[in-house]
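Order of writing sets the chain letters: A, B, C and D. Residues in each chain are counted from 1.
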């Protein structure tokens, strides 16, 4: 039997596919749950490793860490390939939110061969922790999450319009402050981009204090900007609050536990995008 | 044919006016859309030029920038004159919000001949970017914008009363802190205006940290001011939230795509203020 | 005619009383309006003088300012006495909110003879500016103000309970941070009151940055406090928003334009507390 | 009569138990009210002592304070034992919220023998001040408190989901900023945990300013993070506001004045958890 035949055999091995699917995508079975918990632990270990990597001085006990990181990446790569293999609709999985995150969380290590700092991007793996809801059967929590996202999405356009106004406002404020403050010797308002950065820091009430006005006129204008920021901070809050209160309740949405997409028919038992089984 | 006759001829050239109107005010036709996109690009280039102007050291490649800036200003001036020329009601356009912004965005360059820093005021051009909604036919986005402005306007008087209270409160707090802190040697509370500036920075929770209390009593009073600010930050949010929730829905307003004014009759096809065609 | 007789005569001079009342308490008549505008200008001048007093170095042109300040204070004292004299119910006026503010705004100058820094307290005069609403017949604005105060009062008890929790929380957080951070040499967490001050600065998201954690554990705990503050900032906002939305509308309250008290009968034409005429 | 007999006698002394219960748990009787007020004063004195302890240099007048502290602790210990003794259901009291707080507020002093800094933990006694509501018969205030807690609890799951998203977001933002900023010499972004700490400080709009971006790209990314924080600050506010407005009113809950638990039947006169008498 040639390699090609073996390959075709493997690809058509429905039993193996089904078994893998049960382990990887399901979390009801013992094997599935064990796999999910192990996966979460691996992701956490991997993130902690990355964070430690930035803390310690190089060449100290790093060999073990490098080895561990590669082992974890090999495991995650194998998992990604297996997910693609056993998914009833591999393309849909690959293009789903979690499919893209799964891919993005293994790429940085391979890119790290060529570009060192890219390695740190493996913290993108932390997004995969959202799956934690699935392990602990916290679907109702996920439901709350979807509600939040729905509320934000419903007011997405309002927020976008609001941001365009904020960006224009910030450009104007930044320039005016630059004109007022930059004449002072030793002023931190060295150029317009810096002044715009200051305007954002002030308007959002963050207020680092690395750039502060010195002139009386600058301070007066800052005060106006602050009181303005104080008022317009109310706008996004008002938008989201209104959206949350107006959200129709009780409209239970069937969301796929794997790819998170909704819009399934009432009777559907499998996700029409990635083929995962839907919760009743 | 004398100059005066030619001028009268031009002014009464209805076909030319109509053609110009279609290009400048409309965005449905191919020519109109191309013009709008070109205009947006010019505005963006102009803003980026101004920002760069503040970044680079003078006398370095500035000749090109100066030339570009003048070319853009000539283009914007020509556009403003054309808008005035082809508008069915030039006076209404000149006094509309966008008419004033269009004028304000060309003036600073001419003022820059006499006063150097006035040149930076051309960032006022950024306000013209609001027209971006028109190009991409994002009228529904504009609708959201009007909704936001309506909500804020509806609660404008409440916010104004609130601000008067804040201003009086800030004057009192600033003076008390000046009395408490200024006796300490090396205190940053050098005078009452500085103390009022500190009170605004604290009450709005910006908190730069350039002026901070040192005495125990001053710190205690600051804590009270902060907790006060924490509570009264709720007031504008409550006002705007309540206003947004109480806004009657479904009352579609016909807004002019050019000057943005509303109040048109149901059957109106042209804006009664500037004569632009209204969207169905 | 002896002095006593003259005095009794004066006190019973109804015509003078009525005339003074029309000038001082009313703002409908020409004389009344002129008086009110003059009063506002005097208050503003007085506040600006006080602020300038803190700015300039002493012994420079201060003689004029001192004279001006005393002239203004004599005027305000005369006004206060006149108000007491012509009010139909002097005691009620003296104990009303504006009566107390009027008294407090002249006292500091007299106290300033004995205690220099007390002079700055004359900024309390700024509270009198609230009367500005009356001059410009902005009673509907005042209505908005009462609505705001009603909303805050309605949720006053909830906010008080919330503050008790915040105070207890802040004491606990401050002490824990003191225990964690104070062991570090050169730590700004020198004692528990300072740490409590830091906790308030952090929890209210003011964040001066004069006291910041250095140890990893301290930074971790700070992060928790910040996220906590981020969530509990929502509580007062929620309280006030809910209160504003639940406020019954249309219940027009008759408020006295002079002392600001409500609770008058529908048919009342004069305030039952200070005797001022009520607006229809 | 042997010791064991005496003990049994004491334990079964119903009259003594009842008397103690009236003093310690009740606040209606004169004795009960006096006890409660004395207790509050002792707690306040104890907290003030602890705070002073951190302020003064050691060996100065500390002997008196140490003696006072031990006396107070002996009193609190005796009170705790008495509460356990006279409670109809000692186990329920010991496991109730106030039972645990009462125990925790005496433990640190005993732990202080072995570990010095543990002594400061006695500020946990401040939590006992919540009982202040009971003394002043401010049950309706307590009612408001429960309403607040109910509102927060009702949206607890939404807030938890929100926090998971914030934690993941903060890890990603922190790492990206570390990659961007750490290459700059003298950058405060020394490692990923520090960068995550910065991300939390920025996203919550606290903005200490101890760690600030220097590179243009870092400042641009910070601006995006700030505007993001500005928007997502609206989410918890929206959650709590919506929850407060949707809370069914008028559903009076019977809460135990001692342990604070609810869920009692309408006719119940004693708390089913700790046996305290319920208010009508």
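Following the convention adopted for this analysis, a contact is a pair of C-beta atoms (placed from the backbone, for glycine too) under 8 Å apart; a residue touches a chain by one contact, two chains touch by 3 or more.
Only a predicted model underlies this, so the values are computations on that prediction, with no experimental measurement involved.
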item	value
Farthest chain (mean CA position) relative to chain D	B
Result of counting contacting C-beta pairs for A-D and A-C, higher pair	A-D
Equivalent-chain rotation between chain D and chain C, CA atoms, steps of 5 degrees	90
Copies chain A and chain B touch via same or different residues, half shared test	different
Inter-chain centre distance, chain A versus chain D - centres from mean C-alpha coordinates, in Å	33
Whole-Å separation of chain centres (CA-atom averages), chain A against chain C	47
Shared-contact residues (touching 2 or more other chains) in chain D	193, 196, 205-209, 233, 237, 239, 241, 245
Chain contact topology (line, ring, star, complete or other)	complete
Chain D - residues contacting chain B, complex	205-209, 237, 241
Residue ranges of chain C touching chain B (in the complex, touch as defined)	47, 50-51, 54-55, 117, 120-121, 123-124, 126-127, 129-130, 132, 140-142, 144-145, 147-148, 151-152, 159, 163, 166, 193-194, 196-197, 200-201, 204-210, 233, 236-237, 239-241, 243-245
Residues of chain D defined as touching chain A within the complex	157-158, 160-162, 164-165, 168, 171-172, 175, 178-179, 182-183, 191-193, 196, 202, 205-209, 212, 216, 219-220, 222-223, 226-227, 229-231, 233-235, 237-239, 241-242, 245-246
